[in-house]
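Structures given as structure tokens follow.
Same chain, two partners: subunit A is paired with subunit B first, then with subunit C.
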Partner chain A sequence: MKQYSDLEYLRLSKGRKFLYGLGRFFTAGIPRFFKGIGLAVGRFFKRLGVGIGTELSDLFLTFKNGDWKTRSSYLIMGFGSICRGQVLRGLLFLLFEAVFIVYMLTAGGYWLSMLPSLGKQGPMEVYNEVLDAYTTQYFDNSFKILLYGVLTVFFIIAFLYTWRLNIRQNRIAEDILRSGKRLKSGKDDLRSLVDDQFHKTLLALPLLGILVFTVLPIVFMILVAFTNYDGTHDGYNNNLFTWVGLQNFNTMLSWSGGNKVYAATFGEILVWTLIWAFFATFTNYFLGMFVAMMINKKGIRIKKVWRTILVMTIAIPQFISLLYVSKMFAKNGLINLFLMNMGWIQQALPFWEDPTWARVTVIIINIWIGIPYLMLIATGILMNIPQDLYESSRIDGANAWQQYTKITLPYMLFITGPYLLTSFTSNMNNFNVIYLLTSGGPTNSAASSVAGTAGYTDLLITWLFKITTGAEAQYYLASVVGIMVFVVVALISVIVYNALPSIKNEEDFQ
Partner chain B sequence: MKKLLALLLAAVMVFALCACGGSSGSSAPAADSGDAAEAPAADESAAAPAAQSGGSELAGEYAITVWVAEAAVDLTTKQIADFNASNEYGIVFNATVEAVGEGEAATNMITDVEAGGDIYCFAQDQFARLVQAGALSKLGAQAAEFVTANNDAGSVTAATTGGEIFAYPLTADNGYFMYYDKSVIPEEDVDSLEALIADCEEAGMYFSMETDTSAWYMAGFFFGTGCVSEWITDDDGAFVSVNDTFDSPEGLIAVKGMQKLVTSPMYLSSSAGSNFASNAAIVVTGTWDYETVSEILGDNMGATDLPSFEVDGTEYHLGSYSGCKLLGVKPQTDATKAAALHRLAQYLTGEAAQMERFEALSWGPSNLTAQADEEVQANPGLAALIAQSPYSVPQGQIHGSWWDLAKVIATDVEAAQSEEDLQAALDSYRDKISALFEMSEEELNAWSVIGGIAGTSWDTDFPMTEVEPGVFQSDPLDLAAGDELKVRQGASWDVNYGVDGLDGSNLVVDADGTYIVQFDTNTETLSLIEG
Partner chain C sequence: MSRHDKVDVRFENRYLNRHPNHIGMRAKNTISNTIIYVVLILMSVIWLIPFICILLQSFRVESTWQVGYVVPQQWGFDNYVALFQTDFKRWYLNTFIMALVTALFQTVIVLCMSYTLSRFRFKMRAALMRFMLILGMFPGMLTMIILYRVLKDLGLTQSNAVPGLILVYVASSGMGYYVSKGFFDTIPKSLDEAALVDGATRAQILWKIILPLAKPIVIYTILTAFMAPWGDFVFARYVSFGTSEGMNVAVGMFNWLNKDQIGSCYTMFCAGGVVVAIPVTILFMCLQKYYVEGVTGGAVKG
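On to the complex of A and B.
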């Protein structure tokens, strides 16, 4: 679609402006987005290539130009430092090397060598004739091999980095000595840790924590998607599991293969997940804002009482209230029995039995839970809007609706934009509400043959849960779903984040 | 000072990270005991000890964990103490008896076998999964003999897969029948499904039978018309085939009967005995709800066998599943402990222990002598179960996916507008069941290596790839001298090759090493290439 100049654009009618905007989004916006990604990836690899090149040439030059102390440091880490009097540094390097070598010889080598196969010898059943009893001998453990294998790879990367650091240290030391200055002593090093290197002291522990408790599990979980790790291949007690390449992604995205139509189920659940996230976020947002405005209105009395009543839903744990509400709406629950006893309906309403009813019901119940939070947030923000904005708009003759769309809403959106985004993504993963209310039901008979048997109100996250706890405990498929969820959430977040007024026009309300 | 504060804050952050990280980490199947050095050589040689006559060599103290249902904790603790006092082998168990419900026990065992109880109880539908998961220890010859001789046939089937017994029957009362409210349902109507539905509709009260969400109850309609659904499992608990006639003309009759119930406005898909408190007149459930129901209904409680339904002028009595609870022993690495645990398991499932359990908890016994006991026969819940028993089908092993595949029949029947819709629901069920064993064209033509190699015992196919037309090679395999192997097509023995051609004898490896197995379909020769 051709891009109009500003003048041409302004001459268009409102509808055409919209169509133009939409057209440009698809013909220019999206291609530009992907072009941007492509360029970024290209730049990354270029920089990576250049980086590796300089590192290698630097390694070579340091060796060529260095003295014998430097050269021996290529083999014995920290040798140069010790010889030049930086004993503490040198010893630390040496210690690290020693630990690395001992680890690799005792355990690391095994884990690493097993990583490509994830184990060779599964458990064996042995019959003891004398005691008339079967015993089991266990050998390789694929699960541990994968976990410790990844850890070992991390450790090797850390070692390579330290080795490189050790060589750079030598070069720097040589340069300093050549320029006639004094090298830092061990005492200086220690002092610098609470002085100019204080940031490293602070970040060492948190970084280690993130690596072990966040990065490692994520890498592990992603790798599981490329194995056949499931209930019958648990890697130790029954069968070893092994790498299967992209087979699981193939399963998830395939339209064929008997009745196991995963792609259709996945698509259906994804669409419902997006619909749910959209409604769950925006119904709460606007209704919460509306309630806050109502309560804030001049002339409304006993404001505190209204707020307290609403906040009561927060006070009761969701687990309890959701399970209770789920029973209330059941076919023989309070609500249906009441309506029937009053004679208003003849048959029970199918709140949880009919797909559409169930979907609407979960959204409505979610409103009941979500409004109080939004009301609290909105109350604070609404009180912050400068009253003179309203006053001057009233003098200009604006009515309440105009005030809302031109002042309140832009202000709210500006401040709560990031909140909206996070609540959208967290609603996509809103396990509690869905699982406690419907457990994903009612059953979708078309999807009964996929792992975990998805129902009509299942979100990707509840489906994932069902896959892992289902009849065959297919951890690998769950991992694939997890990766897919991440991709979807990441895409939406990146696009929306860059479009947020609070990011784009930072100056607007300051 | 500020720096100290910053350092403290950083430390706090780390602990916070550990706390969150810890919980997110545990969502992964736990990998405990991170001792890297110990795992590579974790083979505790379980060589047979010096041969002596059984018994005395079992003497010793063993620390074990036992998982039983909460209600049975005290009784089981007492029974283990009795065993310690009375057994002739000198075995003493220091048992920790934990309350882990039957459903939960199976899930926990499958998630983490190592952390599981040494002896645990579970419902029979979990049996095949547990065998597959390597969570059950096979019974020795003497123990197997004990199980077959003392328990009813249905219970023995439940503990058997591929001809091997893996567990001890504990109860045989996992069946369902009908509780009803005598003040609403006239006595003469209890044998007719149509009359019962009419009574419920008239009274505006629910007929509660969990057909929508549980295939276990749903299947009763099919068994009533003579349909069968039997699964065949092998020694590893894996499912190899199924004999299922739900899509037959009898099946169509069954769904017509089901339609009468599920399309009634007063039908409720639930099996909770507590429904009597919320407007139900009939609940189909089992003995476990006896207390609940009698508390709510008091003298108005009725319990009887399931009713009959009428299609095209013929009466069909609703069938049911009859199942049992089993007691299993976790695989052990120490033969003596394994043997001792099996002795205890036999004691806990023997006649005396089952009778004690009946008296204390009203659990219906699977032991033949105990079943014949007068008191057992007189128990009202069990009496209804016995009345239903001529129409019930022993549960056997059922594929885990079946429960989900089958339960949608009820949902489909509810939505069906015509007889074609009913047949379509059954056909779709048929397709899904067949798909469980279906192989693609590609899989049927694929060649694979199989044998007693790399820790497998003729149960794992190693895939081969076509390197040039008609020539297939495996990945490099670590083979030991004396290993035997063959190649076969489509993971079945219909087409298999050994050293001397079709159906030939096994190829035997001469020396240890890493080999690529090659099979040339043009010349029909099987060979090893050092790789």
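On to the complex of A and C.
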């Protein structure tokens, strides 16, 4: 596509400008985006290579130039520190090494050696002499092998890091002593933990929790996508599971062969998830802003009452309100019965039975859920818009609509850009609303042969949940779906985030 | 618009030499205000109706299933009596304990995390924040399977679900630091620097200067942490699967609206809903000010 110069561009008509912009987005913007990713990956590997190189040469030089205390620290961690009087530090290093060695000898070695196969011997019928009968005996446990295998790998990485730290400590200590200064004592170390190293103290516990209960499970589940872990291969009670490579991605995403129905279902649910996230985000956003503007308007009384009524609905736990509302709209629920009693309708309205009705109804009920939050957020921002903007525009003869599109909306969009992005992605994963309202129904008959029997209002996240429940739970497929959700969310986030005008330096606030 | 307003408009128009049908500025304002009042009243009704329905139906005696009217024909406390003969008491206690303990620990962890990321500039800070942003893009649902099996190995599922759930809630709560970090960012850094010059340690600055100023966000964090377990459904159901003793209110009451139970439990569900909602709502309304401050301040900048 031809690229115009600035002057040529300015001469184009409005429609042409738009078409040109659109064309440029596809011919230049997207390629540039992927080129950027490619360059970033390249830079990463280059930096990695350089980093490893300097580390190795540093290790070598430290060994060559160091004294005997430093050199023995390569084998006995903390030796140098203890010899130089930093007993506390040295003992901690030594303790860590001891724990590591004992762990690797007793358990870690086994988990690590089993990791490539995920277990060799499943449960087996074994003759029991005491009972004079065959009983089931259990041997390897694939689940535990994978879990503790990953944990062991984490531990080894931590050990390598600590080992490197221990050597660097020696080098630094040598330098300090050579320049004739005093080394930090154990007491100094402890004191620095509440002062200039205070962040380490504060972060230790939260990060440990995140590591064990978020990072480890996520790594585990990513690995599961490459195994055949499911209800009939649970790794212990019935069959072991093992690595299957990319087979599951093939099942989920291939458009040909017998598995086409998976790809079709996945595509359908993905499209609905995006439609849902779009409407759920923007209907709430604009209606919430509208409500906030109505309440904020000059001359409206008892503002506090209106706000309180809306805010009160936030307080009530969602499972009560959503379940109740879901039953209100049911075939024999309050609304249908009421309308029939009044004689306004003859047959129950198919709120949850018809796909289109169900989809529209969940979006509308989500508005009911979401407006109070958005009203609160918008109120705060609207009050911050400088009033003189409105006054000067009024003098220039702007009407209310012009004021809205030229002042209020740009201001709101600028401030809430990042919020809109996160609310879009969290709507994509809005489990509660969908599951409590429809449980994903009505059932999609075309997709019923697929695991989890997807329905018309199922989001990827509720489908994922359905796949993991029941005796035929296909964890490996759920894991593939989860990874795909991540990919979609990450792509949207990266593209939108870079396009946002309000990504400013966070230091500006302080 | 009242008759007087109309007369006013006509008089004003004649006086200002306008066409008799011209609507003056003030009249226009009155019209739009009237429309806004109508809309707001309508909205309030729509927003409150489900809750009024729940309240009224919880007192209905004549039938326990869904009907086409709202006001009961016979009033009584039968549903509440029936409610407390089920395991509801146990679920309520479970949820309350979870909410209390989680609120306590989660607040500590979130504050540590957000304060550190707001105030300290250390080597891995940017990488850490980016890493957590990426972690947050993975659906949390995915990790349930493994967390369930780990908890099961530890013996913290089914009837022991309460400590297990608390452990998981608290351990992963560090990820939710955005709102309170946004708040800490608004406290001027010059306060810290002044104290540092005066010889205070970092820990003293946190205790003596920042925390007293951060009261709104502390209360906001406690409040949201306290309210979350009342609504948690998915993971709680996974962990307490099949045992009534370990359930929280959401999981227990969800079953009452199953196809085969809804006929006999519908009004009891309403009664349970009222019992759950009232204390939470009262607490929330009392601390509303802080909640609004947290949402409007922190959520946007996040």
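By our rule, the second predicted complex is superposed on the first by the 458 of 510 C-alpha atoms of A that agree within 3 Å, B and C clash if a C-alpha of one lies under 4 Å from a C-alpha of the other, contacts with A are read in each partner's own complex, and residues count from 1 in each chain.
Throughout what follows, a contact is a pair of C-beta atoms (placed from the backbone, for glycine too) under 8 Å apart; a residue touches a chain by one contact, two chains touch by 3 or more.
For clarity, every value in this text was computed on a predicted model and none was experimentally measured.
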> After superposition on the shared chain, which partner residues are touched by A:S179: those of subunit B (first), subunit C (second), both, or neither?
Replying inline: neither
> For A:G482, is the partner it touches subunit B (first), subunit C (second), both, or none of the two (neither)?
Replying inline: second
>> Which partner chains sit in contact with A:T356 here, subunit B, subunit C, both or neither? Use first/second/both/neither.
In response: neither
>> Contacts for A:I210 in the overlay, against subunit B (first) and subunit C (second): which applies, first, second, both or neither?
In response: both
> In the superposed arrangement, which partner chain does A:T135 touch: subunit B (first), subunit C (second), both, or neither?
Replying inline: first
>> One more residue to check, A:N399. First (subunit B), second (subunit C), both or neither?
In response: neither
>> Looking at A:F198, would you say it contacts subunit B, subunit C, both, or neither? Reply first, second, both or neither.
In response: both
>> Quick check for you: in the superposed arrangement, does A:Q121 touch first (subunit B), second (subunit C), both or neither?
In response: first
> Touch check for A:Q387: first (subunit B), second (subunit C), both, or neither?
Replying inline: neither
>> With the touch criterion stated at the top, can you tell me which subunit A residues are shared between the subunit B interface and the subunit C interface?
In response: 143, 147, 194, 198, 201-203, 205-206, 209-210, 212-214, 217, 220-221, 332-333, 337, 340, 475
>> Please output the residues of subunit B touching subunit A within their complex, sorted ascending.
In response: 3, 6-7, 10-11, 13-14, 17-18, 20-22, 24-25, 28-29, 31, 34, 36-37, 39-40, 42-44, 46, 48-49, 51-52, 54, 57-58, 107, 110-111, 113-114, 129, 132-135, 137-143, 204, 206, 208, 212-213, 236, 238, 265, 268-270, 275, 278-280, 331-336, 338-339, 342, 399-401, 403-405, 407-408, 411-412, 425, 428, 431-432, 434-435, 438, 440, 454-457, 460, 478
>> Can you tell me which positions in subunit A touch subunit C when the two form their complex?
In response: 143, 147, 191, 194-196, 198-199, 201-203, 205-207, 209-210, 212-218, 220-221, 291, 294-295, 297, 299-300, 306, 308-321, 323-325, 327-328, 330, 332-334, 336-338, 340-341, 368, 372-373, 376-377, 379-381, 415-416, 418-419, 422, 425, 429, 431-432, 435-436, 460-461, 464-465, 468, 475, 478-479, 482, 485-486, 489-490, 493, 506, 509-510
> Contact residues on subunit C for subunit A in the complex?
Replying inline: 29, 32-33, 36-37, 39-40, 43-44, 46-48, 50-51, 53-54, 66-70, 109-110, 112-113, 115-116, 120, 122, 132, 134-135, 137-147, 149-150, 167-168, 170-175, 185-186, 188-189, 201-203, 206, 227, 230-231, 233-234, 249-250, 253-254, 257, 262, 266, 269-270, 273, 276-277, 280-281, 283-285, 288, 291-292, 295-297, 299-302
>> So in the complex, the part of subunit A that touches subunit B is made up of which residues?
In response: 106-108, 110-111, 120-141, 143-144, 147-148, 194, 198, 201-203, 205-206, 208-210, 212-214, 217, 220-221, 231-232, 234, 236-240, 257-260, 331-333, 337, 340, 346-348, 353, 441-443, 445, 448-449, 453, 469-473, 475
